[in-house]
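Multiple structures are listed underneath, in structure tokens.
Note that subunit A is present in both complexes that follow, paired respectively with subunit B and with subunit C.
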Partner chain A sequence: MSEVCLKVNKLKTSFSTPYGKVTAVNGLDLVLHRGEVLGLVGESGCGKSVSALSILGLINSPGVIESGQILFDGKDLLQLNNDELRKIRGKKISMIFQEPTTALNPVYKVGDQIAEAIMLHQKVGYKIALKRTLELLSLVGITSPEIRMKSYPYQLSGGMCQRVMIAMAFSCKPEILIADEPTTALDVTIQAQILSIIQKMKEIDKTAVMLISHDLGIISENADRLMIMYLGKVMETGKVSDIFNNPLHPYTRGLLGSIPKRGTHRKYNKLISIPGTVPSLINMPNGCAINNRCQYAVPGLCNKKEPDLIKYEGTHYVRCWKYQGWDNE
Partner chain B sequence: MDNDKKTSADSNRSLKRFLRNKFNLIGGIIILLFLLISIFAPVISPHPPNQVNLKMSLQPPSKTNFFGTDSLGRDVFSRIIHGCSASLIVGLGSVGFSLVVGSFLGVIAGYFKGSIGIVIMRFMDALWSFPSIILALGIAASIGPGIKNIIIAIGITFIPGFARVIYSQVLIVREEVYIKAIKSLGTKTSRLIFWHVLPNSITPVIVYSSLMAAQAVIAEAGLSFLGIGVIPPRAAWGNMLRDGYIYLGVAPWVSLFPGAAIFLLVLAFNFVGDGLRDVLDVRMTQ
Partner chain C sequence: MFDAGSTKDGTMNNTPIISINSLSKNFEVNSSIFIKSKMTVKAIDNLDLNINKGEILGLVGESGCGKSTLGQILLCLEKESSGTVNFHGKNILKLKAKEVRKLRSHMQMIFQDPFASLNPRNTVGTILSEPFRIHNKNLSKKEVDKLVCKLLEQVELSPDYYRRYPHEFSGGQRQRIGIARALALDPEFVVCDEAVSALDVSIQAQILNLLSELQTKHNLTYLFIAHDFNVVQYMSDRIAVMYLGRIVELVPIEKLDKNYMHPYTQGLIFSTPSLQPTNEQKFVIKGEAPSSVNPPSGCHFHPRCKYRMGICDKAVPPMVEVEKGHWIKCFIYK
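Let's turn to the complex of A and B:
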């Protein structure tokens, strides 16, 4: 594939709580190539958002990045000071958030907020920034942008706010866009529009996109590669087509099986649900993270030792004893 | 342009909502009236405020002296008019002083939390634990009387209140998604704090300001009454109370009218404070 623009090695982010340490991201490896869309999928609390925030250095106390490397542009982002990091945020790597209506500052007009983002990283005056804002707003499909840019966030709908966020995120032509559940709070028709806008903007600037979602439908339509996360770890990764055609990990199979399919009768094709719930991150199970919810779990192996993320074929990797030859142990 | 109309309509609506409540209207009118009185004091006062006329001492209210005269024969009505500016300047000045300093300390403490926050807020707690009038008395006594010094003295005693109100707001605002989003754009921390966190935390402080303005008027009167406020012979309502209290039995008007003036101004500030809360409360806006 094309050139690598972001490489994350063994990232470990944890939060200390009164009840013990919570390791939200536990040894995450990730590679992002220029111009591709990488989907990050998993249940709530599996560390998707924390991974994204770690990359931008936005983890607030009591959270800390314990170890790992985030290589971008030949530099380890974890070694940079706040000033150096600030020059990358918004300019090289930008982010859009889950709740568009709460991700804009309520006391300023949206046009001024976009203009501020432009002036932060480009040496232009307010007037030129406003002109560029106008172009951006029409690019993201906002009708009559000269009126909308004078609106306050509360005067706009969720879809509009998300368009504004996208305009802001692309204002400096970033190399990487992290989209943290960009459509979760929007209704379905708007979801499709927002995703096509992200695709369009991405094409213009050749931006790599990290698309975080728990909606496999969205991922299958928009992502090139896919990572399935569970309890802060990658369970399976590979090309979207590979994973959807040949899901290896029992957890991936469970996720795919829980999507209702059109044209099948309910009687003959029951929806699968993964038994049990996500265990507390404070009391992580021994061995494989999912052994207590997995129907194939082998007692004495899966609940004792953790499998590695091994290559199945090509770019398709999986973390399961089933493919690591459990008979050998 | 449609939107410009909308925004100006918004502020018009706020003003309308503010004035719809009769108490706000009354409070606003009284403050406006006192403001005009202090600006045009030399024009509207019937006598010079410091003109001593011992022949006319302790005269009851009459056609020439509406509110009577004090022990030195000075016209109480004219002195109330001239004393108005002192009360207003101290009321607004000390609130302005503590608003700026208190908000600054509160927003820094709330945003950074940690050791900076602990040091600032514990210092505020210590300051808060002094009875405010005693503290103001001590400060005023050490830096001397005079309007500027009373503003500082009263202002210092008010700082912890402002710092606490804004601190509690900042603790909420700093966790908002938009703060994270603005950070993700690479905004400088100083700009983030003063341009984004502060405006979102300021509303309750504005309400608190008008209530504290009332407190400041009382405190100024108290300090002047105790003789370390506005320097005589300059007219101030607190001074006038003191001049009159010896004669309360024979000439109650000397203290009664300045007392009533203090009461009116404090009441007006409190009315306006309640009204501001109604207008600025986000939950009531939508």
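Let's turn to the complex of A and C:
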């Protein structure tokens, strides 16, 4: 594997609420290599977005990063002050958000918003920045970029705004791009276009991409490795081909069984759903986070003690008692 | 009528429960807040469609193609601009408000957002007994309570939830309450408008299984509106693909063949992420769906179509039956 550009150790982020403390990310370990796409999958509330925001130092009160390390470029990002972080954010690590129309500033022209990032981080003048903006906009597939760069966000469609966001994110040739549900708000035909642009831009700059999505289909088609999260913890991680061909964790199997596959029909294939609902983070179950929804759960073990994330083979890791000496059969 | 009685597979009853004839819906919008001139959005453009008894008709398309508007017109929640909708042979669009109310016990809707579609001030019991209070006035309170508990059991919720408020439930449970409410009066026809798209995948599977079981149990007819092609394909007996107010393809599920379909359907299928990545060249549809204020001439899809021919921007292609029950609106198949 190529060089490591980001390493997260035992990250723990929590929020204090009137009902008690909520630990959104609980001991996350993560390694991101140059030029790879790492998929982060999970249902709502599993902590995938909070992980991304923690990496960028965008957790605000009442949220707090309790412990852990985020190592980037030989430095721990959690030890840096705001000024130092600002030099990294948008330049070396950039982010694309879910809702493109609200992520852009409505009162500035989109071209100026991209140019601002370039001027700020590359210390160049307005004219040079605008020239680079023009190149970027045509790279992300915006037709007649000279006209479009003078438009305001409301004049552009959602897909167009997301292209502008991508252009902005890639404006300083970042080492890491965090894409948080970049296509969830878009139609499928536009989604396919946006994902192929992210892939293309990634190839040009050899950027490492962290792709956050709830859609396993998107991850299977776009990522190299993936991490499956549930209630703030990683349940299974490994190469996309390993996990899709040989899903180990009962939760992963449940997720894969829940999705209607192409060419299946309700008359012949019933969906294998996971019973119950995701519990609230305030009332976390004891032991394994999923034991109350898992059909293999062993009373006295799974609801008492939490399993560790252990190696199954190669880069394939799983957090389940089933693979730690105990077998259901 | 181009699809009457076309799905002959023995198991299905082919009498149309709903037949839609040349239905159009235009919305007038102000072109600017300062200028008084109006623009017309053609949400539904001269649409013909039959929905057969006991089938699940999937309606799929991108946002703004008019699929939700169609569902709303069928339930008389929105006024049509022209055309007719016959329910059991009777045009329901010309009914008086009182008659429409009666009709609602036969047709119901399951909405997309389970957080917005339940009144937060009412308990589940009140929400679910309302249909009986309106349509079955002679039932006693006890009888209604019994029916409500039966409904809750039907959607796999505990009858103990009777006194709880919507905010105490998760999204999936709320959607079950929405389904229970829709089924309260034993309707024949249910419009599921993006009924699962707001839910997490594991919950989505539970709701899809539930909808499928209820359909078989009560021989319901669904118009299943969704934007995810894999979900629509999984649920439906027939699929109608809609693009800018027109149905461009109508296909029984067993005749779905990727080499033999409308170019838009093809693009839609290839754009939908799949769990089984293939080595096939991904066919990405270029550009974005144009606005329905000013739709392209001829075939609406021609600016984005890779098979575009000279005639495509001049004339509207007719709906052609390429094989039994499979209709395509494209000049390639003419």
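As a working rule, the second predicted complex is superposed on the first by the 325 of 329 C-alpha atoms of A that agree within 3 Å, B and C clash if a C-alpha of one lies under 4 Å from a C-alpha of the other, contacts with A are read in each partner's own complex, and residues count from 1 in each chain.
As a convention for this text, a contact is a pair of C-beta atoms (placed from the backbone, for glycine too) under 8 Å apart; a residue touches a chain by one contact, two chains touch by 3 or more.
None of these values were measured; they are calculated from a predicted model.
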item: Superposed partners subunit B and subunit C on subunit A - clash or fit; value: fit
item: Which superposed partner A:S157 touches (first subunit B, second subunit C, both, neither); value: second
item: If touched residues of subunit A are counted for subunit B and for subunit C, the larger one; value: C
item: Contacts of A:R86 with subunit B and subunit C, given as first, second, both or neither; value: first
item: Cα-centre angle that subunit B and subunit C span when viewed from subunit A, reported as a multiple of 10 degrees; value: 80
item: Partner chain in contact with A:K127 - subunit B first, subunit C second, else both or neither; value: neither
item: Partner chain in contact with A:Q193 - subunit B first, subunit C second, else both or neither; value: second
item: Overlay on shared chain A, then closest C-alpha pair between subunit B and subunit C (Å); value: 5
item: Subunit A partner contacts - residues on subunit C that touch it in the complex; value: 62-63, 170, 172-173, 200-206, 208-209, 212, 227-231, 233-235, 253, 267-277, 282, 284-286, 288-289
item: Sites on subunit A touched by subunit B in the complex; value: 53, 56, 58, 61, 82, 86-91, 94-95, 97-99, 102-107, 116-117, 120-121, 147, 150-151, 154-155, 165, 168
item: Residue ranges of subunit A in contact with subunit C within the complex; value: 43-44, 157, 159-160, 187-193, 196, 214-218, 220-221, 244, 254-266, 269-275, 277-278
item: Residues of subunit B touching subunit A in the complex; value: 1-4, 6-7, 113-114, 176-178, 180-189, 196, 199-200, 286
